[in-house]
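Next up: some structures, all given as structure tokens.
Below, chain A partners chain B and then partners chain C, in two separate complexes.
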Partner chain A sequence: MKNIKRVFIYVFLSLAAIVSIFPFLWMLVSITNKSSDVTKGRLLPGTHLIENMTTLFESVDIVPALVNSTIIAVITTVVTLLLASLAGYGFEIHRSRGKDIVFNILLLSMMIPFAAIMVPLYRMFGSISDTAPLFGIDSLGAVILPTATTAFFIFFFRQNTKMFPKDLVEAGRIDGLSEIGVFFRIYMPTMKTTYAAAAIITFMNSWNNYLWPLVILQSPEKRTIPLLISNLGSSYSPDYGVIMSAIVIATLPTALVFFLMQKHFVAGMMGSVKG
Partner chain B sequence: MKKFYLMLVLLVGLAVLAACSSGDEEASGGSSAEGAGSADTITAWAWDPAFNIAALEKAKEAYNGDGDFEVKIIENAQDDIIQKLNTGLSSGTTKGMPNIVLIEDYRAQSFLQAYPDAFHPLTDVINPEDFADYKIATTSHNGEQYGLPFDSGVAGLYVRTDYLEQAGYTAEDLTNITWDEYIEIGKKVKEATGKNMLTLDPNDLGQIRMMIQTNGSWYVKEDGSTPNLAGNETLAKAFETYKKMMDADIGKIVSDWSQFVGAFNSGDVASVPTGNWITPSIKQEAEQSGKWAVVPMPRLDMEGAVNASNLGGSSWYILNVDGKEEAADFMLNTFGSNADLYQTLVKDIGALGTYSAAAEGDAYAVEDEFFGGQQIITDFSKWTDEIPGVNYGLHTYAIEDILVTGMQDYLKGTELTKVLENVQGQAEAQLK
Partner chain C sequence: MNQQATKKDELDLPLRYKETRREKTGVFFKKKVGWLFVIVSVIAITIFNFYPMVQAFLLSFQSGMGSNLEYVGLANWQRLFGDPTFIAALTNTSIYLLIQVPLMIVLALFFSVLLNDPNLKFKGFFRIAIFLPCVTSLVAYSVIFKYLFGVDGIINVFLLKFGFISETINFLADPFWAKVVIILAITWRWTGYNMIFYLAALQNVDKSIYEAAKIDGANSIQQFFQITVPMLKPIILFTSITSTIGTLQIFDEIVNITNGGPGNATISISQYIYNLSFEYTPDFGYASTVSYVIVILVVILSIIQFRVAGEKK
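Up next, the complex of A and B:
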């Protein structure tokens, strides 16, 4: 009986695994095929890998897009981690009368869909374009600014800080650390897993962000990877071999970040902290 | 509980604030003098590197006016252009907006109506009579000509002559037929070859659009905004024909563009009724050379319907930002008056324009070996002149979304008049 149950579980899990892995497999196979083979649904590896890659790097010019996406994702991740953790720490560790109200307002801001604030945001960035070109329309700064630190990450850090042993803060103070010192030398190392989880999520969000970069970036040389891929698919006769190659390359960094931090990620999402 | 109310008040306050601020947008929006390109650079947005972008590059080479400016061509996907234009134009700042933009004809009216001041009228710049008649209604608004008509979406029926032959037909037998005759032929072809006659995508009713335009009808009435679904005999006929195709089992169901292209590339279908811009995709499969021909689009079996229709097609628009005079000069000098440019476009990139004077050139008469030596460009441009002009109006895609579910109901057996009344009601409620 137990064996039958086991067989059943394995069959079910294998099916689920195939369903979720198949698109990736198809993507990987497709980068070696030419476009008309991809549309025909060919599942065998072909001989067009080098051709697709050459097109991608020479005529599509994927490198600048990779550089832009990396710059944006890395800066966004660093800024988000720093600001959100500072805020989360402050909200949880320090006592103040109005903090819960402020926190609730922050949470409310999570409920406003981005599409609703997009037009006003565009207007705001338009109005500073002349005085602060680094953050104006068509600048990488304008992509980073609205997405660096969101209410969600402040909430995320505050929730995780609840597990943080407050005695450590006291101990630090007694040993003569300043508030900043406590944060950087005690809080940060202890909360490593939370940082890792937040880093993965921010990085992925930023890397895959589409709508805001789309409206705010205008020059082709500032384009990010998702915008580039969107362009590739816009032709009346898209080259699916090349599109698949671009998608594979676009997937690699997020996959890499995930695998590097996977161990911490799971721990961070569970909210456990090793005191 | 008290806290909850406080939050509620705050939220409502925010909403009111947002509503108010949109009111004064217009007041301050109009005064923004900051243009997209300064006068020495003009930017143009379009999609498809092999087609529209290539056409712009050719135009740039062909420009021989006095203007001293750089043309910066930027490629964006069509949906992306729509998103960017909508955000930019509704924010009221012209920063980052291009000088020249390509807009699909089905969507043009909604832009012209939503942002009447954002576009630069070309009434005094080009002569609308130089272009195919059917393009003018969609590119003008309130008596002003805004768009410079560009590529023709003239549709044709691409047929596999080898499959037809197996079933005892020639391309001649499919010339100037009705959809009903087409279905009969389709059954025979399927019997003889086992191949489906065409692809059908339940989420894309381009098929219906092409059918109803053969009889000069559209989803909306002449005014461009009143839904014209219930009681629209042409639409009812198109729905019936569509169902006949499904019942006859001659359609291969596809769900997206890649499957659509894949179906004819792999030889799964005997014909492709669609816009002429599909030619490069058809020719992509070099092994099928000589096995194709193009015949006029079948018509609906109704009084007044013709064997010519349209699918897609787009036109150039100039935004009302700094550099508009330069942009207008560039467009007039190239797409607006240069017949030779259109020859180049046909020859080098297969883009068929709607500039009437261009049709006389040699490039249009070229015999295409892929299509068994047929002069397909000549044929297409002949059919272009026969396309019934309709006002595509404001809501083509919004109504089509509603029709997609209506079609499913109809195919499942709901009575047609009821289906059309139903979608009419939904469309009226949604588009109010």
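Up next, the complex of A and C:
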């Protein structure tokens, strides 16, 4: 009886693992095959890798999309980390009744569905297009601004600040550091792992964001990687090998981040529910 | 309350020591310096979240093309109930929600319990394999699923080869199968993600509880329902709320797998809002009305889930 149960568990988990991994294998095999072979269900590596990559980099022109996505993801990550950690620190270390009320109101914004605010946001950025083109419609600035401030990461930093030794703040003050100095000189270096976890999640969210860039970006040279892939995917005569190559390249950074920083990654996920 | 007051005094104490040195900056600054840390975020969230919410609410009572809007009272709200596309979007989104979220949470719980077994071999491999889908972007995996289940996709090739079907099934052109593909896709992408939460929570469950249950003669199924589920209740609540909010807003998958088709058989509320605003002749007013339906649903479902979780205590 016990053995049957064992066997069942291994079979079940193996099936789950195969289902999870199969699309990845198929993707990796497909980038080496011709489009016609992919549709024939070929599951063996082919010799078409270089042709697929050449098409991707020359005719599809993936480079500008990679550059745009990188710029947006890096700036979004830096701004989010700075603003959210400042706020999380402020709410926890300089706790007051007023701030607790404000914090709870901010948390409510996490319930706001993006679809509900995208039209007003689009109109808002439309209205500043003439005066501030860097932040108007079809600008990378407009992609970054609304995504770089989320209550989630303020909450995240506040939760993690609860474990930050408050004595260090006192020590810093006695040493004559200003309040801002305590934050930059003591808090930031101490909380490196929290920053790492938040950075991974922000970067991935930004790198993969689809709806808002789709709404606000218009010209082809401004488009990000998800927009490019979506575009390729909806074409009437898709070149499967090339599209799979684009998807592999788009997934590489997030997959790498995940494998290199697994611990931080999981810590980041858990940090959002602690406390 | 009292405790909080003393905590605050403690924090302010060192500031008072310095008063002699920095009297010029004034007591006001010292009391309010905390606000400096939070003010930028508070302003930004107000501008980019709360203000648009108010705008959307006002817009939901307006109608017109593009930016020529005028107040029409409750006309948009009445239009909702007679709008077949909206009804389809609401129905589809509810189907995704009611089938996909429970299916995924049960699967994730099941995997986490199996993987929590200390005697299991290849644990690390299974865990990473099941979590792997989470590294893909929503658009990327959607396109992959679209091709997997395409007419000449590999699923059809396999089913034909092994004789399960005699001719290819056009999954994405069939109203029923298209929904199934979308539900399978979302489940594939997010089960591992939820599993990680449960695995971490299981590590905090005291092993001796299970030992005691075994001595009392509880089998694994009883242990699962009597110990594991109650112990994980807070985290199950958390994951069901985030999954519910996520599925209610589903957009990327629908657009990239079926684009709402065939007909409107898979269209979601978010996609309908997008179409109303940016695909059809823009009707920002009515789009905002539809978007408030999601807001209302998010609030109602969150309250229900909190209530249900609270009652079972």
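Definition applied: the second predicted complex is superposed on the first by the 241 of 275 C-alpha atoms of A that agree within 3 Å, B and C clash if a C-alpha of one lies under 4 Å from a C-alpha of the other, contacts with A are read in each partner's own complex, and residues count from 1 in each chain.
Going forward, contacts are C-beta pairs under 8 Å (C-beta built on N, C-alpha and C of every residue); 3 or more make two chains touch, one makes a residue touch a chain.
Everything numeric here is computed off the predicted structure, so don't read it as measured data.
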{"item": "Side-by-side fit of chain B and chain C on chain A, or clash", "value": "clash"}
{"item": "Greater chain A contact set [chain C / chain B]", "value": "C"}
{"item": "Which superposed partner A:V119 touches (first chain B, second chain C, both, neither)", "value": "both"}
{"item": "Partner chain(s) touched by A:Y236 [first = chain B, second = chain C, both, neither]", "value": "first"}
{"item": "Which of chain B and chain C A:Y89 touches, first, second, both or neither", "value": "second"}
{"item": "Touched partner set for A:F12, first chain B, second chain C, both or neither", "value": "second"}
{"item": "Touching partner for A:F135 - first (chain B), second (chain C), both, neither", "value": "neither"}
{"item": "Which superposed partner A:I101 touches (first chain B, second chain C, both, neither)", "value": "first"}
{"item": "Where chain B runs into chain C (options 5-13, 23-31 or 167-175)", "value": "23-31"}
{"item": "Overlap of chain C and chain B interfaces on chain A (superposed complexes)", "value": "38-41, 112, 116, 118-120, 122-123, 211, 214-215, 230, 233-234, 238, 240"}
{"item": "Touch list for chain C against partner chain A, complex", "value": "4, 7-8, 11, 14-15, 17-18, 33-38, 40-42, 44-45, 48-53, 55-56, 59, 67, 111, 114-115, 117, 120, 125-126, 129-130, 132-148, 150, 152-154, 157-158, 161, 188, 192-193, 196-197, 200, 235, 238, 245, 248-249, 251-252, 255-256, 259, 269-270, 273-274, 277-278, 284, 287-288, 291-292, 294-295, 298-299, 302"}
{"item": "Chain A to chain C touching residues, read off their complex", "value": "9, 12-13, 16-17, 19-21, 23-24, 26-27, 38-41, 43, 83-84, 86-87, 89-91, 93-97, 99, 102-103, 106, 109, 111-124, 145-146, 148-151, 154, 166, 170, 173-174, 179-180, 183, 207-208, 210-211, 214-215, 225-226, 229-230, 232-234, 238, 240, 243-244, 247, 250-251, 254-255, 258, 266, 269-270, 273"}
{"item": "Touch list for chain B against partner chain A, complex", "value": "3, 6-7, 10-11, 14, 18, 21, 25, 34, 43, 47-51, 74-80, 83-84, 87-88, 90-93, 95-96, 98, 257-259, 261-262, 265-266, 277-278, 280-281, 284-285"}
{"item": "Residues of chain A that touch chain B when the two form their complex", "value": "35-36, 38-41, 101, 104-105, 108, 112, 116, 118-120, 122-123, 126-127, 129-130, 136-138, 211, 214-216, 218-220, 227, 230-231, 233-238, 240"}
